[in-house]
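The following pair of complexes shares a single chain, chain A, combined with chain B in the former and chain C in the latter.
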Partner chain A sequence: MQTVFSIAIDALAYGMVLFVISIGLSVTMGLMRVVNLAHGAFAMIGGYIASYAARDLGLAYGFAIVLAVFGTILIAIPIERLLYRRIYGAPELTQVLMTIGITFCIIGIANYVFGPTLKTVPLPAQLQGSVDLGFRAIATHRLFAILCGLAVAAALWYAIERTAFGVKLRASVDNAAMAAALGVRTEIVYAVSFAVAVGLSAFGGVVGAELLPVEPYYALRYMVTFLVVVSVGGAGSIPGALVACLLLGGIDTTGRYLMPEFGEFFFYLAVIAIICVFPRGLAGRAKG
Partner chain B sequence: MKRTILAALAALAMSGAAYADTIKIGVVGPFSGPFALQGKNFKAGIDAYMAVNGSKVGDDDIEIIYRDVPQADPAQSKALAQELVVREGVQYLAGFYFTPDAMAVTPLLEQANVPLVIMNAATSAIVTKSPLVVRTSFTTWQTSTPIAKVAKDAGVSKVISVVSDYGPGVDAENAFKAGFEAAGGEVVEAIRMPLATNDFSPIMQRIKDSGAEGVFAFLPSGPTTLGFVKAYNENGLKSGGIKFFAPGDLTQESDLPALGEAALGVQTTFHYAVSHVSPENKAFVEAASKAIGNPAELSFPSVGAYDGMHVIYKMIEATGGEQDAQKAVDAVKGLSWTSPRGPVSIDPESRHITQNIYLREVAKADDGTYYNKEVQTFEKQGDPGLAALK
Partner chain C sequence: MTMTTTNDLTTQTPAKRRFGGSDLIGLGVILALAVVGYFLFPTNLALLTRIIALALLVLSLDLVTGYCGVATLGHAALFGAGAYAAGIASAHYGINDPLSMLAFGIVAGAVAGLVCGAVILRAHGLPQLVLSIALIHLFHEFANKASSWTGGSDGLSGIAPSALLGLYEFDLWGRTAYVFAVVLLALVFALLRLIVRSPFGMLCRAIKEDPIRIRSMGASPKAALMKMYVISGAVAGVGGALNAISTQVVGLDSLSFTMSAESLVMLVLGGTGSLFGALTGTIVFMFFEDVVSAANPFHWLTMVGALLIAVVLFAPKGLYGTAAAIVARRREAK
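Up next is the complex of A and B:
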């Protein structure tokens, strides 16, 4: 029984970290219909900024997160204006080529500026160490990641489903021309959602840095993981992504605990099974 | 007319070859991509050697030609080696970070009349594939065997081994098991985990549940080691008194700033620590730091490359610059010298390097940086992996 609890708590923690890191991609892919393979690159930029702010400038952790999120958005603005704007609504292959190109450029620049070594984001004293849950210990920052994941999920769901901006966003996604005709400034809606998505990836990069340490190849190394989460959850669906993360985190953790020699066999088996049954992901909507 | 000029030029070029030659050395390694840091270390070691010892052997100029294989890719490695031999006319092949890359090249050596000096690839079997292979790095067996004795001496008799599921990981598992059982210990469980593991909490729980008093771990140096060492701390294994043993790949110097506090006190065995105290190493670190730019990036492949160059220089001396692979290799059999890592020699039979293996502990220096502090020396270690192959 203890083992079951233990696996469950690990699965929850891992799943929530996955969620925080991948949700930005779900927003761009689902709501903006851009296959943004440079998602990991933005997460990495966030990680680098936070690492630089906290380690070299000695800023507080919370401040480093804020700086990372806004710094990454600032860097992403010219990229959006000059590059992404051209590929909205373009065929997926064009988007893939463009964004993977951006990824390689960012990897090269990160390698040049920060060097190839690992960078960490030092945690504040409150998040260091571990909490005793009675039957086992869990790292405090994992609990923090779980809370961050829940907060992000709730805030996003509210923003998309319950606010005026969310209505405009959904309208622009479903039919941009019609929404524009009705007076929605679609380019502003797109720019804001892109900024939010980039900010989320940066946030995920920082919060997840304990699990996925920041180094130049971060952007490519975890790309498959991000894409799997989004495709299983259904692009653009917040609850879908959440369920996908918990499910995949659970399967991966259980497999790793009970049969590590099978590697990621069970993880990908589950992915194949889910995609067979739900081709658009757990909560994906048919394309309108 | 054109043909005559060409013929004349060719004759000139050939006659020139008899006097002062340019001897080319082809170095294959990961100079871009995720392992670029290791390639950078190759280059730093080679540059450092040439800065200290000059770029001439006798009358011959030495020229290094680099070829990039970003990730383990035997086919590309073989193609590049072929190109180096045929088009560039290299007399020596060197470098090779990954075992499969080195393995792929061994069938070429005899016909090309080219010796291969391995500066990293650490699987025991490579030297058996061709009599023209010499290795100046280490093998996983060589660095993992002494830690078994360390574990036993520390009073640990039940150990769980946890390795990444790939060639060197399996080597490490076998080496530790052989060493530990010979010392009278017991490996209670052996876990092989996928290379792409990010979250090590479940593994840590397994370790706890196994009831072992210590854990032996092997992962390739890089991002995953950070997650592993952190998980070891955070899941209460360190505070629970489960001891941590590993070969030095886990605490390579370029990862230490990131590992930091989490790795403090971790004991590893390895052939080289940048902090090794000797005049030779001081000179080496100075030259190599200059070559690599940022001293914090200096790590073990640099010393393999440095000593590899030493061996090649000796080969060139022995052959007088003539291309004779067998003579060159024979000349360095039994060669011994003082490397930055300590006294070393080339074992005449296996052509692998015999060297000291050091037990090190991650310690904090006065300036707040972390380093591998050597605490014990295992002298003149050969490669036990070769014996295990038979």
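Up next is the complex of A and C:
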């Protein structure tokens, strides 16, 4: 019982961190049809900025998060303007190569600037220790990650389903040309959702720094995981991504707890099985 | 599609001739380069042999990516399967004849190609890419865990190939290995030229352009792609076995994601959809790696990334494709 409970909490926290990071990837992929392998690199940049702000400058945790989110967006804007612009609508292979190139560059630069060592984001006193739920105690940080994930999911749901911007976004996802013809300024929709996606990924990178430690090869190591989440969930679907994160987080964490010697073997096996059964993802729609 | 290179121009007219003049020129260039390499780098033949092994991997990747349009980031699985099969045959079963080891590599590569093809061809687009990545990690994990067979992360050692044809020992300077590699590359290249321009090769290219139309014409895209995947696996298996024979160790890196990604980079650098492009890309990339990583290993990844971005932006057809396009335009102008 003890094991089952701690596996469940860890899986939930891990799944939520995955969700926060990869939901932006899912939305941009559904919207712009760009296979963005560099998404994890933005989460890594967020982690580095937060680590620098909190550990070396001694700023407060909340302030470090805000700084990381906006700093990463600032770094991402010129990359989007100069590089991503040119590959919208290009063949997949071109997009893969361009974004892998960007990832390699970011890894190399991070390695040069921050060194190859692991960076931590020191937690504030309130998030250390554990919370007593009456029958069981859980680590506060895990609880914080889960709450952040839920908050992001709720906020995104509200923004997409209930606001005018959400209507435009959904219209552009379904048919960009028609939406543009009806007066939606798709350029702005693209730019805003790219910025939000990058910001969320940076946020996830900071909140999840305890579970996915920040180091130069972060971008390469977890790139696969984020892509897997998106393709299992189906690009552009929030519920799909949520289900996929919880499912994959559960499989990965259970595998690590019960059979640590097999590493990620079961994770990848499950991924292959799921994609073979649902080639368009759990909640995927036929592409227009 | 912008990816089809001028190779189409050269193959359309002499389609009836089975082995045209350009093939002979190509073979001649390969052999001439091999001789030049031998005399330019007599102390570094191991590097040249490794380049040839990787060139075989890149050629095999070109078959599925360049000719069939399947985007994969897991092609090293086929290479690694060949390498491990040849290595295990020697280290565990005492089969030390290089040609038998090669045969094991080819068969294992083809089987791996069958497995990978069966999985990867089930999906399209992003899911296809993710499947290929998941597969290469699965192969990697498997080889890591089956350490009694593969040596795990220490690598597989104890490979001792006997004399080639019973006459030529594998010497310390790697001369025999180098000549063996050049002969293999020339044979594979000639064979692939025949396959690529056969009706089957044309069918694969047509599938890349428009699979629905091919199906309505009565051919089965899936069957053709599977066949190509198996051929590609055999070629990658040759490369893997060659690497195992020449270096006498097999490491986990031959089954890694990095290897797959690098082979894709080499292919695109040279130009997809042409065998010369694959060879050009491998040679340029490997020498680039040798020079840059010797000068400053720290910036190696940054340089590769910048190189990739530059190729995508300025030479989307790759080095060979761009050069061939310029030559073709000149010829037309005359």
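Methods note: the second predicted complex is superposed on the first by the 279 of 288 C-alpha atoms of A that agree within 3 Å, B and C clash if a C-alpha of one lies under 4 Å from a C-alpha of the other, contacts with A are read in each partner's own complex, and residues count from 1 in each chain.
We take it that a residue touches a chain if its C-beta (ideal position, glycine included) is under 8 Å from a C-beta of that chain, and two chains touch if they have at least 3 such contacts.
No experiment lies behind these values; they were computed from the predicted model shown.
Enquirer: Using the superposition on chain A described above, determine whether A:Glu261 touches chain B (first), chain C (second), both, or neither.
Expert: It touches chain B and chain C both.
Enquirer: Please work out whether A:Asn111 is in contact with chain B alone, chain C alone, both, or neither, and reply first, second, both or neither.
Expert: both
Enquirer: For A:Thr253, select first, second, both or neither according to whether it touches chain B, chain C, the two together, or no partner.
Expert: It touches chain B, and chain C stays clear.
Enquirer: Touching A:Asp10 in the superposition: chain B (first), chain C (second), both, neither?
Expert: first
Enquirer: Just to be sure I read the superposition right, which of the two partners does A:Phe63 touch: chain B = first, chain C = second, or both, or neither?
Expert: A:Phe63 sits against neither chain B nor chain C.
Enquirer: Touch test for A:Glu210: chain B only (first), chain C only (second), both, or neither?
Expert: In the superposition, A:Glu210 touches chain B alone.
Enquirer: On the A-aligned overlay, A:Thr103 touches which partner chain: chain B = first, chain C = second, or both, or neither?
Expert: Touch status of A:Thr103: second partner only.
Enquirer: Which of the two partners, first being chain B and second being chain C, lies in contact with A:Tyr158: first, second, both, or neither?
Expert: A:Tyr158 sits against neither chain B nor chain C.
Enquirer: Can A:Gly281 be said to touch chain B (first), chain C (second), both, or neither?
Expert: Only chain C is touched by A:Gly281; chain B is not.
Enquirer: Enumerate the residues of chain A that count as touching chain B in its complex and touching chain C in the other.
Expert: Residues 111, 220, 261, 263-264 of chain A touch both chain B and chain C.
Enquirer: Okay, in this complex, where on chain B does chain A touch?
Expert: The contact residues of chain B facing chain A are 33-34, 36-37, 40, 165, 191-194, 196-199, 201-203, 205-206, 209, 222-223, 226-227, 230-231, 234-236, 254-255, 257-258, 260, 294, 296-297.
Enquirer: Enumerate the contact residues on chain A facing chain B in the complex.
Expert: Against chain B, chain A makes touches at 3, 6-7, 10, 13-14, 17, 111, 115-120, 129-130, 132, 136-139, 142, 210-213, 215-218, 220-222, 225, 252-254, 256-257, 260-261, 263-264.
Enquirer: Name, in rising order, each residue of chain C that touches chain A in their complex.
Expert: 1-3, 65, 71, 73, 119, 122-127, 129-131, 133-135, 137-138, 141-142, 144-145, 257, 261, 264-265, 268, 272, 298-309, 311-313, 316
Enquirer: Along chain A, where are the residues that touch chain C in the complex?
Expert: Residues 29, 35, 83, 86-87, 91-94, 96-98, 100-109, 111-112, 220, 224, 227-228, 230-231, 235, 261-265, 268-269, 271-272, 275-276, 279-281, 287 of chain A touch chain C in their complex.
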